[in-house]
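First the structure, then my questions, so here it is.
Order of writing sets the chain letters: A, B, C, D, E and F. Residues in each chain are counted from 1.
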Amino acid sequence: MLTHFNQTGDAHMVDVGAKTSTARIAIATGKITMLPNTLDLIIAGNHKKGDVLGIARIAGIMGAKQTSSLIPLCHPINLTNVTVDFEILLDEYSVRCVSKAQTIGPTGVEMEALTAVQVALLTIYDMCKAVDRGMMMGDIKLLEKSGGKSGDWKAV
Amino acid sequence: MLTHFNQTGDAHMVDVGAKTSTARIAIATGKITMLPNTLDLIIAGNHKKGDVLGIARIAGIMGAKQTSSLIPLCHPINLTNVTVDFEILLDEYSVRCVSKAQTIGPTGVEMEALTAVQVALLTIYDMCKAVDRGMMMGDIKLLEKSGGKSGDWKAV
Amino acid sequence: MLTHFNQTGDAHMVDVGAKTSTARIAIATGKITMLPNTLDLIIAGNHKKGDVLGIARIAGIMGAKQTSSLIPLCHPINLTNVTVDFEILLDEYSVRCVSKAQTIGPTGVEMEALTAVQVALLTIYDMCKAVDRGMMMGDIKLLEKSGGKSGDWKAV
Amino acid sequence: MLTHFNQTGDAHMVDVGAKTSTARIAIATGKITMLPNTLDLIIAGNHKKGDVLGIARIAGIMGAKQTSSLIPLCHPINLTNVTVDFEILLDEYSVRCVSKAQTIGPTGVEMEALTAVQVALLTIYDMCKAVDRGMMMGDIKLLEKSGGKSGDWKAV
Amino acid sequence: MLTHFNQTGDAHMVDVGAKTSTARIAIATGKITMLPNTLDLIIAGNHKKGDVLGIARIAGIMGAKQTSSLIPLCHPINLTNVTVDFEILLDEYSVRCVSKAQTIGPTGVEMEALTAVQVALLTIYDMCKAVDRGMMMGDIKLLEKSGGKSGDWKAV
Amino acid sequence: MLTHFNQTGDAHMVDVGAKTSTARIAIATGKITMLPNTLDLIIAGNHKKGDVLGIARIAGIMGAKQTSSLIPLCHPINLTNVTVDFEILLDEYSVRCVSKAQTIGPTGVEMEALTAVQVALLTIYDMCKAVDRGMMMGDIKLLEKSGGKSGDWKAV
């Protein structure tokens, strides 16, 4: 039974009022795969000019703050920390994004970390689409989370 | 050279003022893969109660309207149409999402279609995460677009 | 059959791409009824200090601009005009709100006019609730609209 | 004297910094009245296809989260729970909406519950307006609230 | 070394999870200078009709609530109080704005106070620009702040 | 008489429905003055790591897109171009920001250009405030605008 529905099957925001406030961390990842030449442009920009990844990082951090406006049943929360990092995967012609979100509260931050990844990847797509419309985003998932009643979890 | 940067490498919103206004269509897709039992819950809800996909559809459509707030260099545009559809891929334990965005204007709607897909998939993740934290989103890409100076494009 | 659903019953934003762009006007109304003493406070403020209606007017105008973010299947549109006016109904201990919204485009502005009314009434409630929690909002409806294929319409 | 104004009559956000944090609940209601045929379409959709109320429920919940952006002097708060329920009033040709909002904090959630009702009713209007422009929203009010210094309150 | 960057120079939201929650106050100021005739219009409106400053006050308060959406690395916070006040500087043909923001939490509210000032001044500009495009905004700065690990601070 | 008020002194969004659609450009400027050491940190980051101005540029561009949500009586418009540039004023220990906004439509983009400048300057303040709380923003004004009935205008 999914927790976002009541017994008649109607959606609701889950009541977290009785949950204890704990330190919450979630780490999510994803990647975008592209043409070799597109990756070269991103790498070049990162060093000199046209900083695609710097802009995608900012977009991801700002996107995490919009999570509860975007995802219908997410609770508004006060994020205490968001980081977005990128790794160039040369042999896969990909950029991998890893985002960490943190808060202290009654509900987790998995969605904030995942939203940061999605918005960061979308921003890379946007900035490179004029030269490469066929880029593909994938492997987007939660890596680990800690805090809360359900405790720690790690992707296998 | 990426169009979102000027000659000194600084980012800017691309000037579309001189582009002609044409009918624009973009279709994007993506999927989320899960445990067999999670897919069963979604299928059950779709028929009876707990309509995960109905909610994800609304989130995707609303998300498309936030594209220019989320993606730093996207132009604000007046969408004339957004659709979000789902297909159950039983043998892949996946839900596939296809979104179509349309406008009449000087700039394309690829980002709107992709954002709709991302927000729809994130919403499915959110609603099912209590039973399946290991869900993975992937194969997110543009399928086709038409309109504008660059003309028609289809994913191979 | 409702236009916001396709043949399988799935919601979508109605495609307005083929509609002709015409001048659109919509006028909506609504009222909030309160204790005699609360109405006195509003009237006093309107003249001297504590301008409840001036603030509610601004909130209504700003609310109209958020319509497509609030109402799932509304199209984003460029409003060319919004007005919000109030009338004191002394014998009904009420404030009546009338809002007019205008645009030039392929889709109507009924929802923008109604949203302006709702947000204006909610703002009056908010500012007076410390002295009168029992206020009631009602008679909220479209008064008339013009423009578009369906032409003119007036409430009977 | 209204609490949202200082002694010179200028508006301000009320200082809640010294208020104690307590569990807050507010329940609001409202209804939308329509043609018999329109109500039939909503009832039909609820069972089979074209789920107007399911979409209005999501819009109401998401609307509650935008309350402090819409209502000028509302405090931003972290809602811990929002529910939106509908009841078909066959003999009044109406749909009644009841929303409950909850938080733990220094300020109440009356406006969040009322905003959820207003946005839910507006969404019903939007989805049915092509067949029934004369629908009317009314009886929108607070039913009860608890928590905070002013304690419990119920509509008579 | 700037705190918003890590050791490799990448931006991140500063982790405030370990900071203690204290009462925070920040006061900011700024002014807008205009033609003598423009100031006369504002003064006239303030007394009778066309209340420019009343509207700018509301815009400033609402703007403060959007700070974390506007400023990339700002934390979302629950403001407990915002005030915006204006002073007419007759001999400088200026309107001076002073804003105070307050919260109880792990991070300061300097940016919220400054954003309130900026949005209030911009709103004055917007409402008077048809008669005076040459208005200038300046002297925008933090006046004082208290709370948090760094303690009290006052502009010299 | 200010155009944002009607004859009874009530605010309204100015009706631009009858205005012709023309190409609009507005250029605005402003600067932030700081301690010599703070400017050194910004200059260093611009070259190597900690790119304050790159982030402020993105914030300014994104801020321009929020203008009609922030400024009560601004019309929502579809910006076709936004640029934000910075100049280091070594002898004034300042960073100067120049923003250009463009659209094709019935209303000007002065507020969008000014909002981009304000948000860019606020972002610089935010990122440097831990080392320099006394920074001051000023000289914020329109430089020039073209298009529309009132034609070209340049600051003297």
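We adopt the following convention: contacts are C-beta pairs under 8 Å (C-beta built on N, C-alpha and C of every residue); 3 or more make two chains touch, one makes a residue touch a chain.
It should be emphasised that the depicted structure is a prediction, and the values quoted were computed from it without experimental measurement.
Student: Using direct touches as single steps, what is the fewest number of steps from subunit C over to subunit E?
Tutor: Minimum number of steps from subunit C to subunit E: 1.
Student: Return the chain pair with more inter-chain C-beta contacts, choosing between B-D and A-E.
Tutor: A-E
Student: From subunit A, which chain is the farthest off, judged by mean CA positions?
Tutor: Here the answer is chain C, farthest from subunit A.
Student: Can you give the whole-Å distance between the Cα centres of subunit B and subunit C?
Tutor: Taking the average C-alpha coordinate of subunit B and of subunit C, the gap between them is 31 Å.
Student: Just give me the whole-number Å value for how far the CA centre of subunit C lies from that of subunit D.
Tutor: Measuring from centre to centre gives 15 Å for this pair.
Student: On subunit E, where are the residues touching two or more other chains?
Tutor: 10-11, 51, 54-55, 58-59, 62, 66, 69, 72-73, 76-78
Student: By the touch definition up top, name every chain pair that qualifies.
Tutor: Once each pair is checked, the touching ones are A-B, A-D, A-E, A-F, B-C, B-D, B-F, C-D, C-E, C-F, D-E, E-F.
Student: So in the complex, which bits of subunit A are touching subunit B?
Tutor: Touching subunit B: residues 1-5, 8-11, 30, 41, 45, 48-52, 55, 58-59, 62-63, 66, 69-74, 110-111, 114-115, 118-119, 121-123, 125-131, 133-142, 145, 153, 155-156 of subunit A.
Student: Enumerate the contact residues on subunit A facing subunit F in the complex.
Tutor: Counting only subunit A, the residues touching subunit F are 51, 54-55, 58-59, 62.
Student: Can you check the complex and tell me which residues of subunit B touch subunit F?
Tutor: Residues of subunit B touching subunit F: 6, 10-17, 68-69, 72-73, 75-78, 105-106.
Student: Quick one: in the complex, what on subunit C touches subunit F?
Tutor: The contact residues of subunit C facing subunit F are 23, 54, 57-58, 61-62, 65-66, 76-85, 102-104.
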